[in-house]
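Structures given as structure tokens follow.
Next, two complexes with chain A in common: one pairs it with chain B, the other with chain C.
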Partner chain A sequence: MSEVTYASVQIGDTLGPQEFYLSKDQVRAYAKATGMWVPRFTDDEAARKEGLPGMITPGNMSLAIMSKLVSDWIGASGARMIRLGTTYRQPVLPDHTLTLQGFITHKSENDRTAEMDVWVESEEGDRLVIGTATVHFPR
Partner chain B sequence: MAVDYDPAIIGRVFETTDPVPVSAEAIATFCTAIGETNPIHVDAAAAQKGPWGGITAPPSFAVTFRNGQHFFQHVPRFGKQGFDAGKDVEFGAPIRPGDAITLTSHVKEVYEKTGRTGSMVFVVVRSTLTNQHGEMVAHVDHKFMSRT
Partner chain C sequence: MTTTLDLHSHSEASEDSRAPLEAYLNWLKLKRTERPVDGVVLTEHRQFNQEGDYRALEDKFGILVLKASEVETDYGHVLVFGVTDEMTRRFDFANVHLPAQEVIDEVARMGGVAVPCHPGRPNVGLCEHYTHKPPLENVIAVEVLNGGSRRGEDERSEELVRQFGYSAVGGSDSHLVSLIGLCATRFEGEIRTAEDLVRELKSGSYAPVDFRPRRKPVPHAVPVEVK
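Then we have the complex of A and B:
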């Protein structure tokens, strides 16, 4: 696959879809690595006591997963993500398959940036986490 | 319900943390946890030939820095339950092993919104991350939502 360049980017170009299975152990590994070891992110029963359907994925981990979708699209092109905004709409439950995708919404010639919508989708097709990112392509 | 808070809090820095050291190991553990395999983040030899001349943390590492103990004392609360509604992050200098990151935080804005499920208040707290060279590493806007 050839690397993305500013000139080659077109509005409507897609990121992903990337499908992956997010395990509870991976969520626990994230919680441990980032100092977020709290029951709602590590234990089903404790999460249910808080009124949740089971242990949930930290919002920051969803952000990291979306960030990686953008990084994978950037590849080794030398472009750089300069902004990522996320909205956590619904809990992301582990031990499910998630789909990550996005598309280019805007290009700005003046500052050589591309903007994109990105999201994390459940097996039911719900957009659990939505976001926008801006990528800068240096000359 | 009117949103009642002291407007003087907007923009006033309420906390500056001690510098938090970033180890190569912390970056490596983070990469493993999110499944990051890009050589510029995980392979020292490959990263040396990359744009930054060495390993850098993935951008999302910036949101792993925690605010200090004063955080919840200075952030106004509304309603009963608060939720983390999302984050907006602006990325500056990359984070590298050996960095020491300081967080400086202030309340950026407070606003009310009425949606399908009723009235909500959003409190946006901006934490600015600065490295030991005084470079801006990231502005992290935390969006807290409460139902009123």
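Then we have the complex of A and C:
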């Protein structure tokens, strides 16, 4: 696949979709590595006692997963993600297949940036985490 | 002549949206065959943009832009169409505990229509409030198709419509550019102004329309090893 350039980016271009299986062990590994070893991120039974449907994915991990969609799209082009904003709509439950998807929605000639919508979707098509990102393309 | 409008959308004027109106209209132009809507209604959270003049953008993209509001009440969120100065003086739109029955009755008296939105949604929808409070009077329509609904929410809304005989509308509830126009309402009459919209909402001659693409089932992928 050819590297994305500012000139090649078109409104309506897609990011992904990328499907991947998020395991409980991956979530536990993230929780351990980031000092977030708390029951809601590591143990189903303890999470249920907090009123959750089971152990959930830390918000920062969802953010990281979404940023991977953008960074994969950037590739080795030299562009840089300068902003990623998210809204958490539903808990992201591990042991499910998630789909990452995005669309280019705007280009700014003045500052050579591209705006994009990105989200994490469940197997049922619910958008669990939605957001927007800005990518800058240096001259 | 029919008119298809996305009755529920949020631009960057709402605190939880980053979608500029121009980007919405550009997206609709790009997706015209998939989402054939004639216009959008901006329903910003807890405010009404009295000064906003979008005629230049309407002309540029050939898409109607109307203004309304999404307010918060003791029965959940409600879309207010045909907002007037009298309404914004009567109610503090920023108040998240507006009395729903008063909003519905007073908005109607002042020439508008108040439509409870995403009624099937927990906490902010009508269905949950109806489980422990008397039903509202004089509701003429509710939003049964909402682009942001989770599984089961629109089905609860449909059940509400069956039970109470409300008319049904649809809207994307878009907070992202690429989600605009996915759900809408098709009216039998022509709509060019907010007054036309109120007239058509009162007529009952409309139905929600769903432009969301059919989704292929996502297989349960094989777990990958953590690196």
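FYI, the second predicted complex is superposed on the first by the 139 of 139 C-alpha atoms of A that agree within 3 Å, B and C clash if a C-alpha of one lies under 4 Å from a C-alpha of the other, contacts with A are read in each partner's own complex, and residues count from 1 in each chain.
Here is the rule we use: a residue touches a chain if its C-beta (ideal position, glycine included) is under 8 Å from a C-beta of that chain, and two chains touch if they have at least 3 such contacts.
Worth saying up front: this structure is predicted, and the values here are computed from it rather than measured.
Novice: Taking the superposition as given, does A:29 touch the first partner, chain B, the second, chain C, both, or neither?
Specialist: In the superposition, A:29 touches chain B and chain C alike.
Novice: Based on the superposed arrangement, let me know which partner A:90 touches: chain B (first), chain C (second), both, or neither?
Specialist: A:90 sits against chain C, while chain B stays out of touch.
Novice: Check whether A:68 is in contact with chain B, with chain C, with both or with neither, and answer first, second, both or neither.
Specialist: A:68 sits against chain B, while chain C stays out of touch.
Novice: Give one of first, second, both or neither to describe whether A:11 is in contact with chain B, with chain C, with both, or with none.
Specialist: second
Novice: Classify the contacts of A:21 with the two partner chains as first (chain B alone), second (chain C alone), both, or neither.
Specialist: A:21: touches chain C, not chain B.
Novice: Pick out the shared contact residues on chain A: the ones touching chain B in one complex and chain C in the other.
Specialist: In chain A, positions 20, 26, 29, 85, 87 sit in both the chain B and chain C interfaces.
Novice: Mind listing the chain B positions that touch chain A in their complex?
Specialist: Chain B reaches chain A through residues 26, 29-30, 32-36, 38, 51, 58-60, 63-64, 66, 83-91, 143.
Novice: Once bound in the complex, which stretches of chain A touch chain B?
Specialist: Residue positions touching the partner: 20, 26, 29-30, 32-35, 59-61, 63-65, 67-68, 71-72, 78, 80-88, 129, 131.
Novice: Enumerate the contact residues on chain C facing chain A in the complex.
Specialist: Touch residues, chain C against chain A: 16, 18-20, 23, 26-27, 30-31, 148, 150-151, 175-179, 215, 217-224, 226.
Novice: Mind pulling up the chain A residues that touch chain C in the complex?
Specialist: Chain A residues touching chain C: 11-12, 19-21, 23, 25-26, 29, 85, 87, 89-90, 96-97, 99, 103, 105-106, 115, 117, 119, 123-127, 130, 132.
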